[in-house]
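Take a look at the structures below.
Look at the two complexes coming up: chain A is in both, with chain B in one and chain C in the other.
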Partner chain A sequence: MSDVPQTIADASDRSNSLFDMAVRHRAILASVFLLMFPLIMPFKALAANILIYGLYALGFNLLFGFLGLLSFGHAALFGTGAYFCGIAIVHFGLPWYVAILIGTLGGAGMAAIIGVLAVRTRGIYFAMVTMALAQCVYYLFYQAEGWTGGENGLRGINVRVIDIFGLKFDFLDPLTRYYVIAAFVILALFVLSRILASPFGAVIEAVRENEARARASGYNVMLTRLLTFILSGAFCGLAGALAALHLSIVPIEMLHYETSGMVVMMALLGGMGTFFGPFVGAAVFMLLENLVSLWTVHWQLIVGAVFVACVLFFPAGIWGTILRRIHK
Partner chain B sequence: MTKKTRGSKFITRRRLLTTVGTGAMLAASPFRINVVKADEPTIKVGFPVPLTGPYGTEAQDQVRAAQVAIAEFNDAGGLNGRKAELLVRDDKLNPGEAATRALELIEKDKVSFIVGSLSASVQLAVNNVTKERKIIYNSISQSDEINEAKDFSRYTFHEALNPHLTAGAVGRYAFPKFGKKVAFLTADYAYGHEMVRGFQEAGKAFGIETVIDVRHPLGTSDFSTLLPRIQALKPDILCISNFGRDQQISLKQATDFGLKKSMKIVAPILLYTGRLAAGAQAFDGVIGGTSYYWGIEDKVASAKAFNDRFRKMHDGKVPSDYGAMGYAGVKVVLEGAKAAGSLDSEKVIPAIEALKYDYYKGPEYYRKCDHQAVQSVLIIESKSKPEKGPADVFNVISTDEPSEANLRTCAELGFKS
Partner chain C sequence: MNSQSDADNGVILRTHDVSKTFGKFRALKNISASFPRGAITSIIGPNGAGKSTYFNLLSGAFPPSSGRVEFEGRDVTNVPQHKFAHMGVAKSFQITNVFPLLSTRENVRVALQALVSCYDIWRPRAKLPGLAEKADALLMQVGIWHCRDRVAKTLAHGEQRALEIGMALASDPRLLLLDEPTAGMSPEETRVMMDLIVKLARERTVILVEHKMKLVMGISDRVLVLHHGELLVDGTPSEVRQDQQVKRVYLGQREH
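On to the complex of A and B.
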């Protein structure tokens, strides 16, 4: 459930077995939390949304937090996943699990295309290139009205029953829907945790910390970046596919640059470069929006003020600050 | 370094933080469950509309009008004593948010009906959610697609006008009077495209000639490069098919460029709220369609009754066009429930189908195949100067009477038999 940049210095000195154990089993702890999560949420559809956007932010964070590349075009990956999943069901009548796979691969494929063109740049240029390419993707889907519904969005992603190993679940039931989505998100959490713990994960962080040294050590920096971008695309594509199934529609707004900006906000709010931070960010972001907009039409003012306060007082993000306090 | 001594307290501190964190989250959740349960459950009507964003003014008026319908229903005794309640949600003009809110309304609040939305894509999103869950949805925003067999379900009702009907009515009025050479200035999205299609289909009967169709992106603030091109072609009529702020700005600039001297400007929909915001000069002499204008109260008794109730509840204000649809949308489902004597969707649907009603603008009913409200379209012209108070902005110059012949046929929409 937690993760602190594991530099050599701070690990053993004040060896705290409980905390270390938490770090080691972060994926399990996060999963347990996600399973109990809908019980404390105002309504299940919001909990499922937080899960989906949490996964989206998680995928983004792999690139932003761990590799150190700020992308402003992640909506393209998220939206492509959603549209591919939706089109597979609406136009080809494929079963839901194939559609999720297609959505995930779609996100990864789109990331490969954008990545090949973008990874040569860094810093602000990388952000601009990804944003420009994402806008191209937006218009591509916007104009392909026969496939995507264009302005009106793609409708009719109606999955009523989830059948798996002979078992049938009612996908219209809110709690069932949450747990089906949670199953995929938890799977993604374990995969991500494994990736980060692998030698490749160490290379990712090495590139972030010092690109020249990583190159001097014999690592292919470009390839590492491209692979990470594609992996990030797969996570975002999966999130998009789950969003399409959850809401039974894909609005064109999913590809809009606001969706790209939102995920940056979520990652910063939760804590970039932490394992569970993006979820915290997504949860805080969406909860605030939902709750405050219920009692005043001026919700943007209040939510904005909270964000400013967060950025001022928790520069490491909410989860990042909590981790730092605990670990001191 | 001093921090090191705190190492031993670490566990308690961590516990404290966890406890505080969990406590805060738990405190956040009952925050939402603030509706005190009444003894007898109320009839809940979900009302997702874009309270914030570019159509906020119209949406807030829809809420005001819907409250009138609820109050009326409750004052008349409700459904065997059961009162109705309006659950307003902000859909932020975003289909994803609207779908989430519709899920909330159905799954958590257990609404019996959903009425609302103010954009084609949003209503299609809500419709997809409601039809899967067999909840009656009455849309109060323009769209052609919601009538088509692909999106329609028996749980779908459409109280608003649709672009085909609106643009058709304006075209049928304008083309024989002002000429055959027509130019279009169109917002480049579904709404604009559907309006142009409506104009052109109506124009076929009059042999109109399209001299140019200029498309502009949503949210354009400068039309100065587009307007001279249109002016040079000397059309008889300029159809401006855009909405909200785009409409205000394009009309203002068309006036400044002197387009009104050489051609007649028509718009499929003239917004009451838009006219109030932009002022008389920009809209002066522009002809357009509308579902409702409060000024018909001199001739239509139901409009008078509705306006008076609205004025009484909302300190003397008059309802806007889109607002009035919020009233009718809510009123229809509640009257349907009353006629059926039940909240069961399967019983309410035939009851609504059987309604022949005159709630605020003259006779209306729902066509059987696509549940489109067959209703009149008012052709209005903007006044140079308000005569009777600031709300007196339009003249009703003609009424396109309700007729199924003005809608696309059921077969055209893809319905079999």
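On to the complex of A and C.
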């Protein structure tokens, strides 16, 4: 009996080091999964949607899960990214890759504006201020009909061919489209992984763990919050830009507060503060939405019930719970 | 080295007529005092005397309602908290204040990092040179190196307090401010902590807040007594011990 624990200890050591290795290469593992995802997903357009909303949730999670700030106004960042990308193509005839860059910068810029006004507040006040400002953004885009199409949304974002280094890809083919979007999402995953492992990533953790101590240690907490918000805005702006290309329209609903609420649900479903949780959350949310709405119009009720059950029984989220099980 | 009659170059920190009000309540009333460089100065007084409030003004947690704070001859009254570590002032809180879910070593490493890199989002943090070694050296100095890989919240109370001091030392401060560093400690832990403080004070100025008078009399060069937000006495330990008002305050407290 006495030598058994030894073996167990060895085995658990090994699984822990395997776990550590997986953590170190999390961006690669996540990318491999996203590349294989369409093979198990019958609906390619839905798969691309999951990618986009997963990226949106990832950007949100940087602020919510890693820094600990709950925003109820992230639709403004996602929507601004989409509109800026769409406007760049529709009104200025810019190439798709420039439009994506503009969308990403648009999300970051909008985050900077909202952030400057919001980062002084915390907790429920931060949630309220971001929500109120996001409503202002909604109103602005709604009113600027000449640019945004107002209520009808911005139409005519027709990108048919994606050309990179002389290679041409048919963007109308669902699978090709998925992989074009996946390329950007994977890039974002590597950037996020890099940020989390950077010195600034350590500051984000420190501020989440204990603001007063972070401040006493010499960190500018307010500026840390603002910069994280801007980074979050860049990821969400990129997601919005990809959504605009994918849908070839930007519906005004993208700026609606429901879009802000949805990303909170996705992050919680997947597991706040986990690297891959946002994609799991987005996938579960969107699959539920799509499957349940096939047989009942009350799909929101069902999704809501699943969400409540999840928050009550798996507070760490689906992915967070899985990680804990493996780690133990 | 710590004579009170020293000219200004012997003074590291000074408050001019500082007051603090919370709503209508005056927690501190017009306190002027100077703190000699290289000494241990203790701020004592019964609970609720205003020690932590005064401590917060000295360490930049919030500005006074009126009056002025000077560090090394420079007005720091409205300097935000996060700049203090960079100026050479560090503190530990009355209530234990660590990064609970980070490892003990990461706690100190993050504190060290504040002086070299705050906003770099690209380089791997593990590549910042020398931080891990410095963190280990600090953990050794405060006597909790054996806990380095444990999550901070699992440390014993005394170990967490030591960790906090290790984090405060990360900025190699010229002035170390400690608010009741032995609060909630066992007698054994308290003795270890006091020894550590004396050792640290050999290389830097220490200002110590404490409500247990006996604990600090033996190690302090100078003692300020606060009571009801006022500075009651400011003198050497023996002067303070013989002061009639102080006796009354501390005896009065015992009756309650």
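One rule holds for everything that comes next: the second predicted complex is superposed on the first by the 312 of 328 C-alpha atoms of A that agree within 3 Å, B and C clash if a C-alpha of one lies under 4 Å from a C-alpha of the other, contacts with A are read in each partner's own complex, and residues count from 1 in each chain.
To be clear about the criterion, a contact is a pair of C-beta atoms (placed from the backbone, for glycine too) under 8 Å apart; a residue touches a chain by one contact, two chains touch by 3 or more.
Not measured: the values here are computed from a predicted model.
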Identify the partner contact of A:Asn158: answer first if only chain B is touched, second if only chain C is, both if each is, neither if none is. first
| query | When the two structures are overlaid on chain A, which partner does A:Leu167 contact: first (chain B), second (chain C), both, or neither? | reply | neither
Checklist entry - Between chain B (first) and chain C (second), which, if any, makes contact with A:Ile252: first, second, both or neither? => result first
Quick one: classify A:Tyr219 as touching chain B (first), chain C (second), both or neither. second
Between chain B and chain C, the one with more contact residues on chain A is chain B
Given the touch rule stated above, what does A:Leu312 touch, chain B (first), chain C (second), both, or neither? neither
### Which superposed partner A:Trp299 touches (first chain B, second chain C, both, neither)
first
Q | chain B versus chain C as contact partner of A:Met41, first or second or both or neither | A | first
As the complex stands, chain B meets chain A at residues 3-4, 6-7, 10-11, 13-14, 17, 21, 25-26, 28-29, 31-33, 51-52, 56, 60, 89-90, 92, 94-96, 99-100, 103-104, 107-108, 120-121, 124-125, 127-129, 132-133, 143, 145, 150-151, 189-190
So, in the complex, the side of chain A touching chain C is made of residues 194-195, 197-203, 205-206, 209-210, 212-221, 223-224, 227, 231
In their shared complex, chain B is touched by residues of chain A numbered 14, 16, 18-19, 40-46, 49, 150-153, 155-156, 158, 160, 172, 174, 243, 247-249, 251-254, 287, 291, 293-294, 297, 299-300, 322, 325-326, 328
The residues of chain C that touch chain A in their complex are 59, 61, 80-86, 90-91, 93, 97-102, 106, 109-111, 113-126, 128, 167-168, 170-171
